[in-house]
Each structure stands twice: as C-alpha cells, then as structure tokens.
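We call the chains A, B, C, D, E, F, G, H, I, J, K and L, going by the order they appear; numbering starts again at 1 in every chain.
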Amino acid sequence: MKRILVVNGPNLNLLGSREPEIYGSEGLKDLEERIIARGAELGVEIELFQSNSEGEIIDKLQSASGKCDGIIINPGGLTHYSVSLRDTLLALKLPVIEVHISNIYAREEFRAKSVIADIALGQISGLGLSGYLYALDHFASMK
Amino acid sequence: MKRILVVNGPNLNLLGSREPEIYGSEGLKDLEERIIARGAELGVEIELFQSNSEGEIIDKLQSASGKCDGIIINPGGLTHYSVSLRDTLLALKLPVIEVHISNIYAREEFRAKSVIADIALGQISGLGLSGYLYALDHFASMK
Amino acid sequence: MKRILVVNGPNLNLLGSREPEIYGSEGLKDLEERIIARGAELGVEIELFQSNSEGEIIDKLQSASGKCDGIIINPGGLTHYSVSLRDTLLALKLPVIEVHISNIYAREEFRAKSVIADIALGQISGLGLSGYLYALDHFASMK
Amino acid sequence: MKRILVVNGPNLNLLGSREPEIYGSEGLKDLEERIIARGAELGVEIELFQSNSEGEIIDKLQSASGKCDGIIINPGGLTHYSVSLRDTLLALKLPVIEVHISNIYAREEFRAKSVIADIALGQISGLGLSGYLYALDHFASMK
Amino acid sequence: MKRILVVNGPNLNLLGSREPEIYGSEGLKDLEERIIARGAELGVEIELFQSNSEGEIIDKLQSASGKCDGIIINPGGLTHYSVSLRDTLLALKLPVIEVHISNIYAREEFRAKSVIADIALGQISGLGLSGYLYALDHFASMK
Amino acid sequence: MKRILVVNGPNLNLLGSREPEIYGSEGLKDLEERIIARGAELGVEIELFQSNSEGEIIDKLQSASGKCDGIIINPGGLTHYSVSLRDTLLALKLPVIEVHISNIYAREEFRAKSVIADIALGQISGLGLSGYLYALDHFASMK
Amino acid sequence: MKRILVVNGPNLNLLGSREPEIYGSEGLKDLEERIIARGAELGVEIELFQSNSEGEIIDKLQSASGKCDGIIINPGGLTHYSVSLRDTLLALKLPVIEVHISNIYAREEFRAKSVIADIALGQISGLGLSGYLYALDHFASMK
Amino acid sequence: MKRILVVNGPNLNLLGSREPEIYGSEGLKDLEERIIARGAELGVEIELFQSNSEGEIIDKLQSASGKCDGIIINPGGLTHYSVSLRDTLLALKLPVIEVHISNIYAREEFRAKSVIADIALGQISGLGLSGYLYALDHFASMK
Amino acid sequence: MKRILVVNGPNLNLLGSREPEIYGSEGLKDLEERIIARGAELGVEIELFQSNSEGEIIDKLQSASGKCDGIIINPGGLTHYSVSLRDTLLALKLPVIEVHISNIYAREEFRAKSVIADIALGQISGLGLSGYLYALDHFASMK
Amino acid sequence: MKRILVVNGPNLNLLGSREPEIYGSEGLKDLEERIIARGAELGVEIELFQSNSEGEIIDKLQSASGKCDGIIINPGGLTHYSVSLRDTLLALKLPVIEVHISNIYAREEFRAKSVIADIALGQISGLGLSGYLYALDHFASMK
Amino acid sequence: MKRILVVNGPNLNLLGSREPEIYGSEGLKDLEERIIARGAELGVEIELFQSNSEGEIIDKLQSASGKCDGIIINPGGLTHYSVSLRDTLLALKLPVIEVHISNIYAREEFRAKSVIADIALGQISGLGLSGYLYALDHFASMK
Amino acid sequence: MKRILVVNGPNLNLLGSREPEIYGSEGLKDLEERIIARGAELGVEIELFQSNSEGEIIDKLQSASGKCDGIIINPGGLTHYSVSLRDTLLALKLPVIEVHISNIYAREEFRAKSVIADIALGQISGLGLSGYLYALDHFASMK
C-alpha cells in the first residue's frame, strides 16, 4: 500500500477564512477530509501535516524518510525563498508534487518563482483544493 | 453536457517518438484516446485539435467561441512567446487550463516563462499525459 | 494615385466582440468600411488584409513590393516578437505606420515593446479605430 | 465648444532650427498656426503654451483644471523622467494625447521610455507636425 | 477601546546591546515600557510580542484575528524575505504599520526592499524607537 | 527655539482636489494650519514652502542654511529623479525627514525608489497628513 | 549516399532584392543552384525548402525524420524566438548546422541571440552564401 | 582557553545519508567527533549545535554572546536568504568563519550568493568536513 | 576672438561651503575669477552663468546660439537625468566640454552615468576647479 | 598571392590533449599541417602563430599590418574579455574570421559573448578543426 | 610523494607592502617559507611560482601537466576575468584549490565573482596567509 | 622636482596610423615629445612607458614605487577589464590621472565602464593628446 505525506505550509491553516475570493470557503479540515476520503478510494495511506514553522516542516519531512512513497506539498509562502526546504526535499529523494490552490502566475510577480519547482516531479497551480486530489491520483497511478 | 476543446501545439504530434525519456512512449493517438475515454466517463464532449501552425491554432480557438465551455491547451513551444495565442485566449473569455507533459521548471530557464499562465485558470506541469485527464476532471467538476 | 496596404494581424478579426471595453464595439468590417471611405475621400487606393497567420502576412507583404506606396499595419500580438515580420518590412523599404487600437503602454509591461517600432515611420497607439484613418491621412499628405 | 490646451515642453521653441533633418524646417510659430487653423475648422478652442521650465508647465497645466476638455502634450526631454509632470496629469483627470514629432523608438534607447505614456489616452510618434493635428482631430471627434 | 498588537521580529530582543551606534542604547524593555505608557495616555490597549522565530510570529499574528484593531510590526530581518509573514498579514485584513528603528534606505542595498511594505498602511523608518509611538498615535487617531 | 522648514514639492498644492481617494480631502491650507498648530504646541518655529519648480525649491533650501534646524520635505514627483535636490540636501547638512502622504510602496514600482531616502534621517510613508506632524514631533523631541 | 535537407526560413526568398548591401545580389535560385552543384561534387543528395511560415517549416522538418542525415538551416527571423522550431530540431535528433548570411553579431543586439544555437552542431555567420556550402562540406566530411 | 561555537543549520543532521556523492558518507556524529578531537589537540573548548529551525539557531547564537570567542557556521540553506541570521551575527560582533562542505560555486547559481559572506572573517567552501577543522585551526592560531 | 560660455548647474553656487572635503574651499566667485583670468591670458571671451533652475539653464544655452564658440558645462545634479538639457546641447551643435569638480566615478553608483557625456566633445572629472581651466585651454587651442 | 595570418590564442597549444571529447584528438601540429596543406591547394600563403600571452598576440597582429590580407583567429579564452585584442583588430582594418572549434553557444553562458564578433567579417563555431579550413576557403574565394 | 604547485598571480609579489591593513605585513618570501616548511612537515613536494603576467602563469600551469598532483592558486586580479586561466585549469584536469588572502566577499562587488570558482575543488577566502597552508593540508590528506 | 610616470597601454603604439579619424594623425613619438616638452616647461621629470602586455605594465608600475610622484595612464583596452592593473594602482598609493584620447562615452557601451576610474584622482576623456598635457599640468600644480 502506498503511503503519501501531504504537507501544508504557513497560513494554509487559515483556509476558508483567508481571502475566500482567492482560496475558497472550505477550511483546512474540509481539505484534509477530502484527501483522506480520496486516499481511501485509491487505497493509499495518507499522512497529513500542517505547520507555520519552516523548521517543523523540515523536521517532519526528514522523519518521513523510508516511511512514505511520495510527498504532496503546498509550501505556502516558503515556496518563494526556503532553500532549506528545497535541500530537505533534495535529500529525501522521494517524488514530490507541488500544489498551489490559487494560480501563482496570476498574482504578484514574485509568486511565479518557486525554489522547489525544478526539483519536483510536477506542479499543479490554480485548480483549488482539487489540485491535492489530482496529485494523489497521480501518485496512486504511478508504478 | 459540457464541451471541452483540447488543443495541442507544435511538435505534440511527435509524442511517443520525441525524446521518450522526457515525454514517454505513448503517442498522440494514445493520448487522444485516453482523453476521449475519460470524457465519456465524465459525460463531457471532447473536441481534439493539433497543429504545428500558430495561425491554425488561433483560427481553431476563435471558431470555438460559443461552442465550448472550457479549453485544455498544451501550446508546446508557443508557450514561451506567442502573444498572439495569448490574445486569442483573452478574447475568448473561456476558462483555460494549461498543461505541460514534462516539468517545464526543470529544463532550460526560458521554459519557466509562459505567456499564457497568468490568464489561465490554472496549470499542470510534469505529470505526463495524466495532466490532460486531471484538467478534464477539473472542468467536469466545475459548476 | 497612391496605393496603401492596410494589414491587420492575429485576432483583429475579432474586433467588436473581443474585449469591447478595450477595443470598442465596431467590428473589422466597420473598420474596413471606414478606411475605404476615407481612402475614397483622399483619393488613395486601399488594399485590405487580415490574417491570423504570421506566414500569410509575410507572404502578402512581400507581394506588395512595387504595388503599393505605404503600409499601415496593426500586427496584433506579433508586434511583440515577430522578428520575421520586422525583416519583411525592412526588406520592403516602404514607409510603414504602426497602429494600435488600445494604448499599448497602459497594459501588460511586455506590450510596451514593439519589434517593428524603430523601423517604422511612426506609431499611433490608443486612439481607437481612428488611428488607422490618421495614418491614412498622413500617407495622403506625404509628398 | 471644446477647449484643448496644447503644451510643448523644453526645446520645442527651437523647432525649425534644431536638427531639421529630424524635426523638419517649420518653426514653432508655423506649428501653432497650423494648430489654430485646424482648431478653427473643427470648432475647437485652442490654447497654446510652450516653456523650457518643468515648473512653469506644471503651473500651466494645473491652471487648466476646469477650463479645458483635453490636453495635447509634447513634453520634449521631460518625457523620459518627469514624474512631477506625470503627477500633474494624473491629478487633472483630463484626457491627454502625447505627441512626438520624431519617432522616439528609432533613436537612443532611453527615448523609448515615456513616464506619461501609460496614463495618456494615446500616443502619436514620428508623424511630424501632423501628429498634433491628428490629436486635435481625435479630441474633436470624441463624444 | 482600541487594541493594538506590537510585534518585534528576530534580534529586536537585542536592542540596547546590538550596534548601539545604529539602534541606540535603550533596550527592548525600555521600548515596551514607552509603548505601554503611550498606549495608556491614548486609551489604547497594547499587546506586546517578540520572537526570533518566523513560525511563532505567524502563529501569534493568526491568533490576533478578531482580537485587535491594528498591528505595529518591525519584522527585523524577516522584512526582506518572509513571504510567509506577508501572507499572514494579507490574511488578517487588519491595518498594519511597518516600523524600522534605523533608516533601512541608508544601509545595505537589500534592506531597501521590504516584502510587506506594499500591503501595509504605511511605513516609518529611521526615527528610532519613536517610530513605534508615532504608529501608535496614528492608530489612535484613525476613525 | 527650534526652527523647522517644511517643503512641499510639485502638485502638493493640489491636495484635497487631486485624487482624494489617495490623498484625502483636506487641502494644502488645512495641512499647513495643522502643522502651524502643532508647531505652536511644541514650541517649534515653522516655515512653510511649496513650489512646483525644482529650481525654486533648491533656492529656498539653500537660503535655509543657518536659519533652520531641520527640514521636513515631501518632494512629490521629484522624489524619484531629482539628484539636484539630493545634492542640495547633502550640502545643507541638516537633518531631513522625508514624508509621503500615500504609501509609495503600494503604487507604481518606480515610486518605491527615492533618490533622497538614503541621505535622510528617516522616512514616513502612507500615514496621510499626519506624517508631517510625526516628523515635527520627532524634531521637537531630538536633542 | 548522404542526404542533407537545406531549410531557409522567412524572407530568404527575397535574397538578391532584399538589402543587397547586406545580403548580396544573388537570389535564392542562385543559392540553391550553388548548393545543388556542390552537393553533386560531394556526392550528397540535397533537398531544398523555403517557407515564410513557421508551421510549414516545422511540418517539413518533422517529415524529414529518417529521410535525411543532417540539416542546414537558416531560420531567418525565427532564429530569435521560435522555441517551436527549436523543439522540432530537438525532437529530430539529427545534426544541425545553423547558417546566417550576414554577421548577426554586427547588427541589432537582439540578433546575437539564437534560440537554436546551443542545440546545433555549429554555426556559420557572416560568410555570405558560402556559409551554406561550408556547412555542406562539413556534413560530407563527417563520418 | 578559547571557546568556539560550531553551528550547523538545516539538513546538516542528514550528513552521511543526504546525497553522499556530494557530501560524503560520514554523518554529523562523525563530524562532531572530529571537531571535538581537533579542539582537544588545539586546546580549544568546543560547543556544538545543530538545528533545522532558523529561530532556534538565532536563539543559540544570541545566548553565545560573552561565552565564546568565535563562531564556525554552516548555515545550510539559510545561507542564501536568512537576513535574520545575518543580523544576529552582526549583533554578536564575534569573528565568524562560514563553512560549506560542497563547493557552492559549482552548483545551482543561487548557491553562489551568501547573505553572510561579507560580514564573516572568511569562508571555506568545497573542502568537505575538513573545512570545519581548518576553521578551528584558524581560530586557534589567531591572537 | 573665441567666445566661451561657462555654465554651472544646481548647487554649484554653494562651492566653498558645500562639502569642502570633496569640493574644496574656494567659492563660485573664486572659480569665476580664475576662469576670467585664464580667458584673458588666452584671449578668449568668457560668459559666466549659474542657476539652480533647469529651465533657466536651457533658456540661457538656447540664447547662446550664434553668440559663442564652445560651452563648458558642469550640470551638477542635472548630469544624471536631464534629457531636456541634453536636447538643448544637441540642438546647439556647439562643442561642449563637461566638467565635474569631484571624481564622479568614485561616489554613488548613479553618478557614473551622465546623460550628456556621449554628446560632449569630452569630459574632465575629479581635477577640482582646474578642470574648467583645462577645458578653456582646450577650446583656446582648437582650430 | 593572398597572405593569411592564422592566430591561435591561449591553450590552443594543448589541442589533442585538452578535453578531447570537446576538442578532438588532433593536436595543434595536425591543425597547422592541415591549414598549410589547404593553403598550398588554394594558392594562399599562410603564417601561423600561437601564444598564451595576450601581449604577444597583439604584438604579432600589429606587425602583420601591410603584410597580410586577412586574419583567421581563434582567441581562446581571450574571446570573452580582451578589449585590447578587439582594439588591435579594429586598428588593423583587415578582414577577420573568428573560429571556435567547439560550439561556444552550447557551453557556459559566458562563452556566448565574444568581444570581437561584431567587428569580424564572420564567425564559424562548432565545426571542429575544419572551421579554420572553411575560413581559409572563404578568404581564398573573396575578391 | 605528492607534488603541489603553488601559483600566485599579479601583485602578490607586493605582499607585505601592499595595503597591509588588508593583506598583513608578511611578504611573499615569508609566505613561501611558510608553505615550504609546511610541505616539509607534510611530506609534500612544493613548487612555487609568481608572475604578474597571465601568459606566463598559463605557460607554467601547462608545463605542470603530469608533474604535479594538485594546484593551489591565488590568481589575484585575474580571478575576476581571465577565462584563459580558467581554460588552462580545465585542460589540466588536476584538483585546484583557490585561495584569497582577504575576504573577497567583503570588498567591491565585482570581487565576489570568480571565473574559476566553479571548476575548483574548493575555495578559501579571508583567512590570510594561512589559507595556503590549509589548502596544502587538504591536498596532503586527500587520498 | 616632481617625477611623473606616463604609461600607455595596448595599441597606443599605433597612434597616428590607427583610426586617425578618432585618434588623430600624430603618432606616439609626437605625443611623447609633447609630454617631454611640457614637462621641461613645468619643471617635472617625465618617464615614459608603453607596452601591449598587461604583465609588463604591472611590472613597470610596481617598479615605480618610491620613484615617482604621480601616474598618468591611458590603459587602452585594459581600461575595461584589467582588475590586475587596478590592484597594482591600489597597491602603489600614488595619485593617478586616467586619460583617454577619444571620448569613451560616445562609443560602444562597454567603453563607458572603466575598472580604474573610481580609484583614480580624476579622468580626462575626449580631449585628444592634450589630455595628457592637462594631466601633467595638474600634477605640476598640486601641492
């Protein structure tokens, strides 16, 4: 059975209340339930993690080594500067799918630059909460 | 019943033979069959189009006005310079999902710049042929 | 009698329906009729051409060599990258007036760069359909 | 009856003597007479102003508030740096047409950048003294 | 009664000992006492927070939602890269005044760039500890 | 008794009528009265000056040498290019506080660059007319 | 027997009439005859193609897969932006020699950038029509 | 007796398992033992610290004030963006030697930029674990 | 007899009092006397002009047309942005020598850029007041 | 009889041993023999020169003035910075063909910039040792 | 027995007299004696070379091929532009350690760029003359 | 008696024959005689040096330490890249005047950048051979 770690970075815990015109009205709990449900359908074991702290996210990811088969990550604001996070993902050598709920290419110019995009397997941007589910589908379908 | 136009730009007709280590060994026909099949499952009507000519792609997109509900487009090399294509998409005012089979952020630096990304609904990059199917799923699930 | 070729590039055939808040509600036909009418007043012979294809526009311009005295061109999206179009205009050695219906300096930053502006006689931007007529007036008044 | 203020910035008083191969041999007086004449034909009231002083041009423009319906301005060298002039035009909230006698895109690279172009209604460049007249025509034809 | 949260980022706890020629000899305690005193004069309730951890600052700010009316923040070094902090402030939708004790424009070039300045209400830089008090005055005087 | 010179640059005389959604509805007279009143409270002698002319502002500042103890300046559009103004302030060797009514970091990108910020004591941006008063408070409190 | 495809892009059909001071007075026919003649001498089979259309050039190149041993290409204006052409050449996996009749490094700055140069075997620039012949010689001499 | 604090930043705890082709197969423990051993030889007291959290590293460094004579730091990914870390080191006013195990100039372009290099005493890059020992030798030999 | 116009721009009237460590302790009067004296020696007629106003300097230069044989100009801060001044000098078609008292290449980076240097005959920088005299010598020696 | 000087810059004496996967296994002697042989066939007198010293290359080139009809140069690493070499070639006023054995556009980004390319007649890059021979052919065929 | 070549570039012969506040008061002789002494301790054979001439340094390095096991180089000013030197080091295929006596990251901005850093094994900067000794230690300890 | 070393860099030995429309028709000998003559008039001892070799120029300059009171240098093409030359001049700690015969600001853009200008006392550009004489005058007049 595949095991997927889903990591949400800073401010994703505000989902539903934060700028709902951009991020929608569903909260982090709703998102997590949808991911769990899809995991169940696909026969994939899901671990969920959210933190506002770069250090905690790095600790979590490091601890996943050997315990999961893929990582779905929405690094929030860390996307744009956290070379430390990039280094952790490089070290893990697991496939990573980067998800952004809003279209990062349609906002401030600095959002178009992700310091992890080139080392990820792929990226889904702008498809709302569904982006996480498509990432999960993708891991489920990979051999 | 929703109608989705799927447009593949220059060189996508070479799928399967072109750099299979990057693009996989399935050809354009395989891709199109998978899209048609998924469309059937989802109850979405699919129109498929591929051309190596910017002008023909623009003509096709213009003719879709009023005849489709969303566009899935992989503009190939046009992604990086065709402001004409951007203008067509702007004019259509339909939701657009931009798909790239390979991870455009992990290749030459100029590939990270898409002239349509900021006007699209979202973008899927690096998830292989499945990217088209997730885009289709997304259109099917939109209200 | 002077002969002027008026060329409209990609997406100008959508005039009237495309973003009317930017481009106005008159269509390409309306524009062409206004140009023909003004040509008649000024005693200038008009040839009109529109295409969404860079190649066709280049072919048309090349064929104009020796058959017209000036060119009015709105290259649409090609304005910003088509060095091929620039080369054709350089080769023709005819006076060229570049026209843009909307103010290209008040939109996305990339629109402020035209690859033909420095080889044109002049440029009219932001004066709506009238820009074509002023260009025509200018050719008529040139000795 | 429409009232249009025509403002010429630094060095435009040298018209006719300054680099005639670029700017032509007609002087500022000739230009002003042509503008007045065209204004008379069009039923538009014209006010003319030229100064080499940024401060005087700003004072003049401020005093036009409520007394004119549009501004035709050739800011001369101020085009490329005077944010103060830009601020005045922003404050006036009147339509502005920017005119340049020579083609600013065919000269030194810095001339291609205008600090007022994006807040103007439009721009005419490279059509000689006629540019002012087309700007006037345009104001006359606006509703 | 208005409630204002005053947040000091990394290294502000070193005030008084850190580069006193730049930051003065008063310590964080002195600063906090002056803020409390001014709050008392103005009838504004003050909450004070300092941390060297980006994650803790984000947690604190998130918890302020609905419990304060304005934020005074000196993000220290985070000013120049923490998009995560920016996202938190965007999510809160409270007025923010950014304060810097030293003149950030008179030091290393990278200090002139703040990733929160454009989403703040305003910024005070270089006025020493007093900057916090003026920010407080401003919140007190806002309707 | 301290003497402070308050200088307002181009277009600040339009306060109250110019873009009130940005600059508020109080006019320059209101601002000057508020400054005078605060000066009286603080026991600071105030001299006020506004001009749309860079040259006049430089003349005024030069004449202040030896006659004032500090300068509060809102250079308006000159902020972004007037190296001449910078040179005058450098020559005076008096403390300068730069004030901007609106948040210059939240507008056009070029507004974020001030050619005097690095030689000023400090800068207040985005706090409306109050910015001048805080600057005055600061001079009053300096030893 | 080696087979070489020689492709000329937009405006190369104007050879001889277009800017003869730069490109010389021989026409495309002359060039093609010289290439055919040299091919005959070298025992190399030549196929010639010219088009003003990016799409047609891409179609032609795709069709050459498996039918030729090397490509000599002068992409004309497409040199500087056609990532689509680059992608086709990448897909073909045949050796490519890029030829420019004039010295592209001695003209407008943008001409110094070729989007195919880094994937070509080599480049000959500025040696007139002979460049094609040297490219042919090179293919003939390769093992 | 000299006291040296050795700080390792994010992901250095993965030494030995993380990209051994770049970082070698010795783990953090091995490194720490080698440092302790060399400290003993040199008569230098060593304190060791590693954390994945920027905030904890800053806290640790602040607490070292007055308790150590020099700092050896490998900030990991923080090297490239943590202005907060830079500020802490500036505040400490202790000599700092920056160490990188791999050659940061031979990897991604962004790694060539260190936000602490200009305030350090010196930098050792690319000499593997030995870099720490040379830094220690250097502190031991300084007067 | 040759006639030379010597123009000093903004803040040069402060010579002697302004940053004497950079500009020396001689005042503008001293400079002017030295220029007059050297002119007398060389048999060159000197006209002197200083203003803090860009507009007045432009007016003065325009009035020199036909009345002088060369211009020595120290444009002060205008050096770095006044395209209007550049345009006046271009229009005059007289030889111009640009003089700077201090070494503009040894100060702030923006001072290294002069908007008139490329249209001047030459430039003398950093040789103090003597720079004006060498410029005068040069005009005297020119045929 | 034409006389051609062939100059090889720094490190070209290592041909054959230096990076044979890039430069091939033939040495400088082989190259020189091939050039001599081709010169004999073409009836062109050849002079050969190689040095690792910029100064010696400049001395050699200067001494060629009036003694040769064309220069073939591979400046090695000097290609990318030696303005002194550029100045020598400018001074000689002889036709120059720049040759690079490897494709300089397919290597480090800085190699794509040549400080002599714009003043050369043409450039051949990436065709191995044959590039020299084609250059020789070209000089032989020039009138 | 290992053989190490130690190369010092332009101006290193001035050590001790040149800017002693940056480079210390020990001369090149002192440095060379320290290197020889350390070599003796480590059982490493040392060859020393200094030159102010790029060409001589290249010649020396080329002659070292096959005669030494590693290179310690302080290229002095050549560090920042000598692609020729880079090419020589690339050709040698020996391990190289780049040493700088002063901290090149704490001086003029251009000093932070080394054209050899990415092809060296590692770099030591800012540790004074000891940098050479640590480099030697490193070569001695390598297997 | 003052002693001045006059150094001319690469290609200055071609004076008189090299591009006489830019550099005039007088040769290096003429220049040197004029300098000697002016030295005699001024009571200044002159030493002259020219070389095409960077290394020789550096050797010469180093040997001047303690034997001259000032340096006049025209570094030719070295002006734009020779950090080694810059380092020598920094080490000498003698006043340096940089002279260019032609106006380096009116030629190719790269010529406007001198790597020694900021460490020189001053610079004279565009005044022909006289520039050397004014530099000499300046040294003679310095106390």
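By definition in this document, a residue touches a chain if its C-beta (ideal position, glycine included) is under 8 Å from a C-beta of that chain, and two chains touch if they have at least 3 such contacts.
This structure is a prediction, so every number in the text was calculated from the model and none was measured.
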**Report entry** Smallest number of contact steps required from chain I to reach chain L
**Finding:** 1
Query raised in the report: What chains do chain J and chain L have as common neighbours?
Result: K
Report task. Select the interface copy of H-K from among I-L, A-H or J-L: the correct pair shares over half of its contact pairs, counted by residue number. Result -> I-L
Query raised in the report: Rounded to the nearest whole Å, what is the centre-to-centre distance of chain D and chain G, using the mean of the C-alpha atoms as each centre?
Result: 48
Requested in this report: Return the distance between the CA-based centres of chain E and chain J, expressed in whole Å.
Outcome: 63
**Report entry** Where chain F touches two or more other chains at once, by residue number
**Finding:** 53-56, 81
Report summary line: Each pair of chains that touches is included here, namely A-B, A-E, A-H, B-C, B-G, C-D, C-G, D-F, D-I, E-F, E-H, F-I, G-J, H-K, I-L, J-K, J-L, K-L
Report task. Over in the complex, which chain G residues touch chain B? Could you list them? Result -> 53-56, 58-59, 62, 65, 81-88, 90-91, 115
Query raised in the report: In the complex formed with chain B, which residues of chain A make contact?
Result: 97, 103, 105-106, 112, 114, 117-127, 130-131, 134, 137-138, 141
**Report entry** Interfacial residue positions of chain L with respect to chain J in the complex
**Finding:** 9-11, 13-14, 17-19, 51-56, 76-81, 110-111
